Amino acid sequence: MRQALHRLTIETRGKGLTDISRPIIDWTASQGIETGLLTVWCRHTSASLTVQENADPTVRADILRFFETLVPEAAGRYAHEDEGPDDMPAHLRTMLTETQLSIPVAAGRPVFGTWQALYLFEHRRRPHPREIVLHLLGE
Amino acid sequence: MRQALHRLTIETRGKGLTDISRPIIDWTASQGIETGLLTVWCRHTSASLTVQENADPTVRADILRFFETLVPEAAGRYAHEDEGPDDMPAHLRTMLTETQLSIPVAAGRPVFGTWQALYLFEHRRRPHPREIVLHLLGE
Amino acid sequence: MRQALHRLTIETRGKGLTDISRPIIDWTASQGIETGLLTVWCRHTSASLTVQENADPTVRADILRFFETLVPEAAGRYAHEDEGPDDMPAHLRTMLTETQLSIPVAAGRPVFGTWQALYLFEHRRRPHPREIVLHLLGE
């Protein structure tokens, strides 16, 4: 049994979903581990992870719209406003989605379903560099 | 340290919660691993996982009603409608719950609390066969 | 490769967020494992886990207010009322946040980001002792 750690920096372009499946699958494949467990950790509280459909891009547009409605940016609604009107909603949207995902690896590849992709979900308006830690354990 | 992988197919009956604790506990017990970590991965984007109360069935009814209200099926609300009015809400409900859960194993058994059960949450109206991957690591 | 299991009991004071990063980091450090994976499991369905900002306390106040609005306690709204008006909302708030988190460990420490803390989120009005299971795997 072996393990490996890796840090990935993703430059986001403000609010939106960035598909990070490819770098994650490629790094896993490069480790020479056939069977194991891959963990993905997002080191932020205003960006998060989610597994969603990789096909129709309107799904991503609907997701953004849904979260704007569910957790609105609204002046005077939140006590925490120092870092801008998009900061507290960003924290809440992070809480409702994922900071971590662990996926089994078989035949050297995370076992994503046919329609699954792993996205980094940026919740702030401005672009940010986001640090993702990958941990792989197996043999 | 050893590991084991398993695929479970659960036939859902349309929208609702299916308790999958039993097959998961039984498979874990059959692996002869005393202490370890069990990971459950759902390979879909319109069905998800959740840990909830295993006692009063009205809890499940309340959960279904709550998600119908929080993420309504509503004509014209979503851009992604090709796969039916229940598809985009299914994606959003999946995002708000879990695609993956990892639970420590002690004495050959996942350490669920007394009132915890692990459910597969089907979000589509029609029955679907759903693929769940189990990964167990330990000794 | 080695593993260790630990149970932590946290006495909550009713609804609110308790920072449990310190006991988790300390226990991890005491295990002499440099690189690995730490899993945190909450054995309840009316208390949950979340990773959130560790700095401005108004963030925690905003989180509490947000969940009171998103999942209201409201007489007659839920079928499951036997255990009090705060019980069914507690289950739903648990579903929307986390029961489990797994975090990579590097240099003997979970790789939390600068602003991340791990909170136990009590959803019931009354204080409760809450059981958290920790599992660490690595070398």
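A, B and C are the chain letters, set down in written order, and residue numbers restart from 1 in every chain.
Here, a residue touches a chain if its C-beta (ideal position, glycine included) is under 8 Å from a C-beta of that chain, and two chains touch if they have at least 3 such contacts.
These figures come from a predicted structure and were not determined experimentally.
Grouping the chains by touch while chain A is set aside gives one piece. Homomeric contact chain A/chain B: same residue numbering on both sides for under half of the interface positions.
In whole angstrom, the spacing between the mean C-alpha positions of chain A and chain B is 20.
Among all residues of chain C, those that touch two or more other chains are 1, 37, 70, 96, 98, 102, 137.
Against chain C, the residues of chain B that register as touching in their complex are 1, 35-37, 50-53, 56, 58-59, 61-63, 66, 70, 96-98, 101-104, 106, 111-116, 137-139.
Partner chain C is touched in their complex by these residues of chain A: 1, 3, 5, 37, 39, 41, 43-45, 70-71, 78-80, 82, 88, 91-92, 94-96, 98-100, 102, 131, 133-135, 137.
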